[in-house]
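Order as written gives the chain letters A, B, C, D, E and F; numbering starts at 1 within each chain.
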Amino acid sequence: MKTGIVIRKIPRAPKETIEALGRCGVATIHEAMGRAGLMKPYLRPIYGGAVCAGSAVTVLAQPGDNWMIHVAVEQCQPGDVLVVAVTADNTDGMFGELLATSAVAHGVRGLVIDAGCRDVAALTAMRFPVWSRAISARGTVKATLGSVNVPVVCAGAEVQAGDVIVADDDGIVVVPRASAAEVLAASNARMAKEDIKRARLSSGELGLDIENMRPKLDALGLKYFDTIEEAGRQ
Amino acid sequence: MKTGIVIRKIPRAPKETIEALGRCGVATIHEAMGRAGLMKPYLRPIYGGAVCAGSAVTVLAQPGDNWMIHVAVEQCQPGDVLVVAVTADNTDGMFGELLATSAVAHGVRGLVIDAGCRDVAALTAMRFPVWSRAISARGTVKATLGSVNVPVVCAGAEVQAGDVIVADDDGIVVVPRASAAEVLAASNARMAKEDIKRARLSSGELGLDIENMRPKLDALGLKYFDTIEEAGRQ
Amino acid sequence: MKTGIVIRKIPRAPKETIEALGRCGVATIHEAMGRAGLMKPYLRPIYGGAVCAGSAVTVLAQPGDNWMIHVAVEQCQPGDVLVVAVTADNTDGMFGELLATSAVAHGVRGLVIDAGCRDVAALTAMRFPVWSRAISARGTVKATLGSVNVPVVCAGAEVQAGDVIVADDDGIVVVPRASAAEVLAASNARMAKEDIKRARLSSGELGLDIENMRPKLDALGLKYFDTIEEAGRQ
Amino acid sequence: MKTGIVIRKIPRAPKETIEALGRCGVATIHEAMGRAGLMKPYLRPIYGGAVCAGSAVTVLAQPGDNWMIHVAVEQCQPGDVLVVAVTADNTDGMFGELLATSAVAHGVRGLVIDAGCRDVAALTAMRFPVWSRAISARGTVKATLGSVNVPVVCAGAEVQAGDVIVADDDGIVVVPRASAAEVLAASNARMAKEDIKRARLSSGELGLDIENMRPKLDALGLKYFDTIEEAGRQ
Amino acid sequence: MKTGIVIRKIPRAPKETIEALGRCGVATIHEAMGRAGLMKPYLRPIYGGAVCAGSAVTVLAQPGDNWMIHVAVEQCQPGDVLVVAVTADNTDGMFGELLATSAVAHGVRGLVIDAGCRDVAALTAMRFPVWSRAISARGTVKATLGSVNVPVVCAGAEVQAGDVIVADDDGIVVVPRASAAEVLAASNARMAKEDIKRARLSSGELGLDIENMRPKLDALGLKYFDTIEEAGRQ
Amino acid sequence: MKTGIVIRKIPRAPKETIEALGRCGVATIHEAMGRAGLMKPYLRPIYGGAVCAGSAVTVLAQPGDNWMIHVAVEQCQPGDVLVVAVTADNTDGMFGELLATSAVAHGVRGLVIDAGCRDVAALTAMRFPVWSRAISARGTVKATLGSVNVPVVCAGAEVQAGDVIVADDDGIVVVPRASAAEVLAASNARMAKEDIKRARLSSGELGLDIENMRPKLDALGLKYFDTIEEAGRQ
């Protein structure tokens, strides 16, 4: 794939699906997808309690160069989330208050960036959520082309433009647009099951019993002893 | 030591000793132990102000596999702290809201885990304190045996089942059960001394004078100059 | 430069210049200096919202040895900031509540340390701001000489005693004393320009248009396509 | 994508294309692809001078579990390269001499693994090239399903089964199978150009002149001074 | 445990057991111990092909202070291996040619150090094997007491004085002295089994068949498909 | 300091001084300077046995942009060493065979770069020594100005153009030009002393005795015990 490409029209999942996925949370969705779709945990929110769900507008940028984010804002619609991948590991502050002001003006809900972020006091005051690999005041140049809305690998996860991004305190999950409805259904089913399990665990029942783990543990050879000395005699 | 072992009966320090150690704080206890017993500083609390003191129930787990934590909960008594070591560096979210619900139902006071943790928004709302090396939504399997209540090395510190664990914003310290009373006495003595020192420092007295450091600095050759140019002429 | 040297008289920038720089913020000052002067982003504040501006009193210390900080406090005047460099990467808790009490008694405004810090709950309660590379209860010795008020490299930035240190949630910037007034003027000019830009971005205008980026992007060959398929046919 | 899937029939690029790409080297191919396709540089060869080119047989494994590599070997043909991605960062020794013996018996040319490798003395003696993120004797379990020949993200790069993998001392590049011929042509063209450039540089000509950089540097404002003092006066 | 302690008489395993363990290699011993006893993989040999087996003389040192290594050399006997733990993460060059000369004169076979090493060209020429976490010329002081021959945690593994240390290109394993003979027997048994397995794998037989993995994979639900499209239809 | 500046005339130390420093080695020079001047140990040579001594031509570059190295080569004289600092942490392959060919044609002896390097097989064959923080095939752009021969901080050490750079397997040391002769004298004196010490250590004498450490250890309270049990009874 050549760089220097901007794609203007991207498919997006239905709004109500995106909103509903946002209510499921990252861990539930990741499990419902068969334990897939997570970005690496080095991306962290800039403030506690940040949550975000939207359609990915993807950016591929050069380290230390935020030019393509400006190009990307023009392609954003209300409800979008900017997802910025960088061609090499970098912590420069590629995004700050001014770009956030511009993003908010175009309805962008948040940013996921495999690089640094700055002006975090101002961004926190605006409640504009950002997940980044670093906080750094280091400024950037505007010198080299990248691309917008091409497939990118961001923090170890593949993202296509229009995929649903859900982010919270636990990290970021990427839901392929085509399977958003199916993942939502599976997430809701999982949450219902967890409600039941939570009630049982809260009453003191053990996961060992609820999930019937004892026979399998026994089959694999788990042994119980009263004391460590007794175990040593085996 | 073979894996696949669960020890049911572990010795515990007296409750009042544990509570009193909890009031001393991690830094004081670590100093009172002769600067020993600390876990590595990469373990961090999931929320600010978290504090915890209790008896260690130890877990040795495989990376990405939280099965043994379920086994361990059954061995917990009110006042215990789960201490989870993993056989290789790992950041997966091996503990979350459901396991915390189960732990709370059995009186567990907190978790120290040399791996990742998830559902941190829910855990924070529950005020269930966790010290972990990462926050990650990554789910885990239940496939491989480990052990419970065997000696483990967790974040660089050796922990025996029943040792007293004290954790706060500064980190985690392990107090060998047999020396808990002695460490408590030394910690209290240290706090008393620090109260006096704090008052003197607050009035403007210098550590140089309170601790009589000047003669030793002088003996080692510390030299004072008015300006850097003057120093260069030496 | 030999170690074991303490310089007593250091030049300082005018108070009003330092205060005014403190109001500009780290990112603005760094940009106004031509994107220079930043420490590496691994130094982080111990609590959110920490801000600090003052004259650097520099310390060069041995890893795990905080003796020279005691020596440095005697050289501090109201309005100073301690800047501690260490001869090797280290995360020990070289600074805590007692040293902070002493520092506050001598008018010190904050600490920047390329090592660890402890007693962070107490420091936060005191609102004594610290930027450190780690939080660690690990105690330190007082055994080896270093120097005070000599030039140091701290977290990748050169600091001379008396340079202006400005620190906030975004990191730490070092303003050479001799250029403090010039940097302040440039920072103020930048803030005025950013106020105008912020208003335009907030109204929905694009950075692409405000900064007239389109011709340069076009010259470098940026291409727009409706769909990814269309781009692939090129 | 569910886990627990093995794909038996994968497309492969023509042998002569693969061989020819192997002669181009990683840096050249990466440049010829428009600076794309590289894995992250933390993957390193276990011995100097290792080179490898072949068709990717992809593996998605659980951390600390090498079961799926055994499953993958059955799917390998002479000329293939095993590419192992892991669902979480892990350094365990998931591959060693026995698996290498099996791989060699099925014509596998090398291994790229985003985890650890062991028996490196034996692998080096066999001249079986491995690129890994760590060398570790840590043993692994065979407990959890993964997948074979599904698309994976390995060390930050997307790999499809059948893509051409080229690896040498500089790292690993992934050439999408469909564009292998085109990339080969571009790589050969680049090498021809570099031969000419090398000869000119070797004779003392400057890159500044060969690539006509001076006018652009001048336009951007590069200034030459005789001394640093002279520059400071500007 | 207080610091400032030197233990003079330590038990050692029989020489022939140590020699025989040295011939087994680290990975084999680690497996024979039930996948236990390994140090973390960040410790690496300073030259390829380094191998070492001997009795541990343990050292607990302060970061950046190599005084206790001098104290330890006096306690070494021919056939010993120095194992140096440091109270905090540190990469200083705590060991170099002069100390190696002294160690060799006392029959020491090698060094395992959770810190840095220097003079590696000279050490390599002497064929004195060192496993360290860094190579660094950074010099150290002799200012603070530590201990010799007390139990230490080195690179994540507990070591008692007199334990058998085996180190090679794959890392370092610690064999508790009391179980050295038992571990040797298990290691030899494992090597015998591996010889058979190697021969079968070399002939093209699959691990899947040799270890009879297919029924278990099938029971867990592993599915084979001809193509990825076919898998997607499921 | 503004960027976009090239200084043409730099002072250099006398050739014979540089050659003689090169024969002392990095560790000796660092000690002779009072344990100063070292770069951080994450910079490593691309091949074993690399050695280099010369006058620093400094480069300040943007991450992922090697344009300024081309500018710097024109300023190099036979006997110079290129020292490349980057404004943010970066591992891109900013230097390879073509630039090395150009550098060699201008008499450059080696490269120290706080970023990545590529074509390491070719560079090794040329015996062009490079110390870098990574090996990476990642290509770079030529888009943004930096500076040449201004003071830089490279891997934690300050470097002025014309300083003497000595590099070997142990790392890199920066000798300020003005003190090169004095450092050489101190290094030679140190080597003479070490020759004597080496002979005594080789004969079995202990550092404890040669350096008369016992009284100081005793004064600080070091205690000897026959067994660990005896120590515990104290």
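One rule holds for everything that comes next: contacts are C-beta pairs under 8 Å (C-beta built on N, C-alpha and C of every residue); 3 or more make two chains touch, one makes a residue touch a chain.
It should be emphasised that the depicted structure is a prediction, and the values quoted were computed from it without experimental measurement.
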Per the touch definition, the chains contacting both subunit D and subunit F are A, E
Taking shared numbers over all numbers used, above half giving same and below half different, the subunit A and subunit B interface sides are different
Given that subunit A and subunit C share one sequence, their CA atoms superpose after a rotation (degrees, nearest 5) of 120
Whole-angstrom distance, CA centroid of subunit C to CA centroid of subunit F, is 27
Here the gap between subunit A and subunit F, centre to centre from mean Cα coordinates and rounded to Å, is 41
So subunit A residues touching two or more other chains come to 2, 35, 87, 89, 91, 136, 138
Every chain pair meeting the touch definition is listed as A-B, A-C, A-D, A-F, B-C, B-D, B-E, C-E, C-F, D-E, D-F, E-F
Interface with subunit A, subunit F side, in the complex: residues 62-65, 87-92, 136, 138, 141, 143-144
Note: in the complex, subunit D contacts subunit F through residues 25-27, 30-31, 35, 38, 41, 44, 48-49, 168-171, 173, 194, 197-198, 201-204, 206-208, 211, 213, 217, 220-228, 231, 234
Interface with subunit F, subunit C side, in the complex: residues 1-3, 34-36, 40, 87, 89, 151, 153, 156-158
Per the touch rule above, subunit C residues touching subunit B in the complex are 2, 4-9, 47, 67, 70-71, 73-74, 91, 93, 96-99, 101-102, 104-106, 116, 118-121, 124, 134-139, 142, 145, 149-151, 161
